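Every chain is named by a letter (A, B and C) in the order it is written, and numbering of its residues begins at 1.
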Amino acid sequence: MSSVEIRNLILTAIALGVCILLPMADSGYWLSIGLSIAMFTVLATSWALFSGPTHYISLATAAFFGVGTYTTGLGFETLPFWSLVALAGMFGALMAALVGLATLRLSGVYFVIFTLGLAELVRQVITWAQNQSGQKGLYVLTDITEAMIYWMLIALAAAVYLTGWLIGRSRLGFALRIIGDDETVAAHSGINTARAKVLLFMVPGAVAAMTGAILAPRYVYIEPSLAFTPMLSFQVVIMALLGGTGRLWGPLAGVVPFTLLWESISSNFPNQTTLLLGLSFLLIVYALPRGFVGLLDRLRQRVTGGVS
Amino acid sequence: MSPVLSLRGATKRFGGLVAVNGIDFDVAEHQVLGLIGPNGSGKSTTLNLISGALTLTSGSIKLRGAPISGLAAQDITRRGVSRTFQLVRLLPSMNVRDNVIAGAVFGHRRRWGAEARDFAESLLERVGLGGKGQMPIGQLTYIDTKRVELARVLASDPTLLLLDEWLAGLNPTELQDGIALIKSLRDEGRTIILVEHVMDAIRSLCDRCVVMSSGTKIAEGTPGEVLSDPNVIRAYLGDDDA
Amino acid sequence: MDILITGLLLGGTYALIAMGLNLQYGVARIMNLANGELLVAGGFGAFFFYTSGQVSPFLTIFLVAPAAFGVSWVIYRIMLRPLVNRAKSRGQLETDSILATFGLSFVGVGLMLAAFGGDYFNYSYLARPITLAGDTFALNRVASFLAAVVICGLLYLWLNRTRAGLSIRAIAVSPDSARLVGIDVPRMAAIAFALGGAVTAVGGALISTYLTLDASAGVIFTLKALIIVIMGGVGDVRGTIVAALFLGVVETLVASLIDPGLTLAAAYALFILVLLFRPQGLFGKTPT
């Protein structure tokens, strides 16, 4: 490891340590904000692991997340909680693999459309199944506190960062950078492009499902329209792109400001959240095509490269 | 000895158009084969069929006796066929060295980590880009982009090298450098198929030539033979001049 | 039998909406994910004029169409053309336009929520029964279907019989060659995009006579239109119509035989089958 990597590792460890202390300081409003930030950090960072290099925009987060919450909802009485999280991860990865196999061979448009409707599809099927069995929703009554959920999310975030770092150093990560640049070159360099993409897509699939499984006890009562809210997918896309997908820490730079903004808008102008989403998308496309990370890189280039 | 590559009845149809029509030829070990012919005669399509960029409509292509027609491009690359592109294709987000490493990691003979880095550096030296490994792609001259692509293709230690108009678009000085570079590859004993228009290059580089016109093979032989063949002259210049 | 006819009636309007999207994607190369919002806006227009002035929705379309044409044209020139110009590759344009039109879609929903609130809206127009082939159907569905057929027919004639239509089809096949033969590609692309918007909004006005809409209903229609376009093949008018009618029938079948809540699931099942077996569309040629 180089000295820069060791420094980054130490900084990350310190940052994580500070995050872990939050529930000691406050167990009300700020813990719930911290929880949202931790959740979106996990979701947006894992999303960017796939969508950053491949440029495929996945809107399937809500679908994976919902499958995760239902895993906990259906199993918490019979299985230990940690095994449900693991199980949710497997379901998410499996589902992502199936979606990937069907769509990732084709162009990006097909993928977006497919993932856009995926959450709605699963929601309809679950609603239908519930109607058949006569239930409406599920009660998830556990003794898991908000602080515990928060800690689990922080641990998951650490795992996501570690995974991202390892992928970045692996052949798979390198293959994906090549695919992102030029898929034809990738294939003619011996890369099985479809396989690489499907493998990588399983990461955000698994992570989002695990996040859903962890968060389920917080909702207490889950029903399809809550577990599969499409808004979640869009929030994740915006946060990741706003921060920038070029770096591992990029999405975090989008998650923190956007979560705070979202909280304040949705508590003050609850009807304007859709408008906020829309304007954020437009802001990203027209003003920040590479996110805050790209903006920072440009500024840095202007400072250091001003002479040449 | 069995040929490195053999095409038998290789045919490609696009709808009603027959772009490549029943082509047969062999490439022997250490041979440089020129694939020549007027524009639109099907040379590049033939190359795309060999590299797996396109799939055959009928016929067969064998690499050292084993069929490769019908395989995906990545599998053909892994079996040892590497190509350059008619319009240079590099990876814009990476520096020169990573562009070369890209060819080394997943190809025929795989390298990774320090081994791939060292190998890439040695290839850059080999194609005349020593010390430029850290340069971004955007700052390269035209011939240097071609050198990077060549180094990337060499990085997988290919059994067979396909060069698609690698010399096209170079200015006269660059052209001399380019021909010298390919000649040095030939002297290493590499097996190469060249799709080329530059006659000087064909004369000085090729052991044998296959001439195509309207999708069919119209002549095959040494460069001297085929370039004096009346059929070939007619194909290039039209009937009146024959 | 009545399922089949109900399905076909629904599919007729779907065809109109999908034609709008297909024009936009096939010619202007913009996958317009805000398409559904324009549809809802068209529906709102019809609702507004009917409830406030008893104006027939079939007359309102003559107002809705030029308005939607104008709005779409402005959006294309101001917001989307710059993306086309800056895109270095087809893939980048795809990503940019997906994000931008998502943005527009949410802005559209947000504005409509602010203007009309989040309520469902419907109104009763031509809600009389009519007997066809022994079964009864709502007259508004039949009338909407006929209007959709007329508009699809006109569009088809325009694309296949006029000079402008020829230019549009030429761009759909090859934008670069179209430029070489003297077609003003940016201008025609803007017109195609605007026309697509107008057709969609008219579809919305028609569908509002028999379906209940609300400000956020657009995305479902966008999805269905996208599925139809992909099923029918990009730039293929005939394929779009067949796929739309097919989807209408399948949806109606699922809704009446299994559960009305599963219509999107049905559309998805079709979509998956198409992706797996005919990704080039029902009538598309195998890509070479």
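The rule is simple: contacts are C-beta pairs under 8 Å (C-beta built on N, C-alpha and C of every residue); 3 or more make two chains touch, one makes a residue touch a chain.
Computed from a prediction, not measured in an experiment: that's the story for all the values here.
Novice: Averaging each chain's C-alpha atoms to get its centre, pick out the one most distant from chain C.
Specialist: Looking at centroid distances, B is the chain farthest away.
Novice: Just list the two chains that share the greatest number of C-beta contact pairs.
Specialist: So the chains sharing the most C-beta contacts are A-C.
Novice: I'd like the Å distance between the centres of chain A and chain C, where a centre is the mean of that chain's Cα atoms.
Specialist: 32
Novice: Any idea how many Å lie between the Cα centroids of chain A and chain B?
Specialist: Centres of chain A and chain B (C-alpha means) sit 43 Å apart.
Novice: Using mean CA coordinates as chain centres, what's the chain B-chain C distance in Å?
Specialist: Chain B and chain C have C-alpha centres separated by 47 Å.
Novice: Note which residues of chain A are touching chain C in the complex, please.
Specialist: 55, 57, 102-103, 105-110, 112-114, 116-117, 120-121, 124-125, 127-128, 131, 230, 234, 241, 271-272, 274-282, 284-286, 289
Novice: Spell out the part of chain C that touches chain A in their complex, as residue ranges.
Specialist: 31, 79, 82-83, 91-92, 94-96, 98-100, 102-111, 113-114, 118, 216, 219-220, 223, 226-227, 230, 258-259, 261-262, 264-265, 267-268, 271-272, 275-276, 279
Novice: If we count contacts the way the header does, which residues on chain A are in touch with chain B in the complex?
Specialist: For this pair, the touching residues of chain A are 171, 174-175, 177-178, 180-182, 184-193.
Novice: Report the residues of chain B in contact with chain A in the complex, numbered from low to high.
Specialist: Answer in residue numbers: 51-53, 72-74, 77-78, 82-83, 85, 89-94, 101-103, 105-108, 112, 152, 156.
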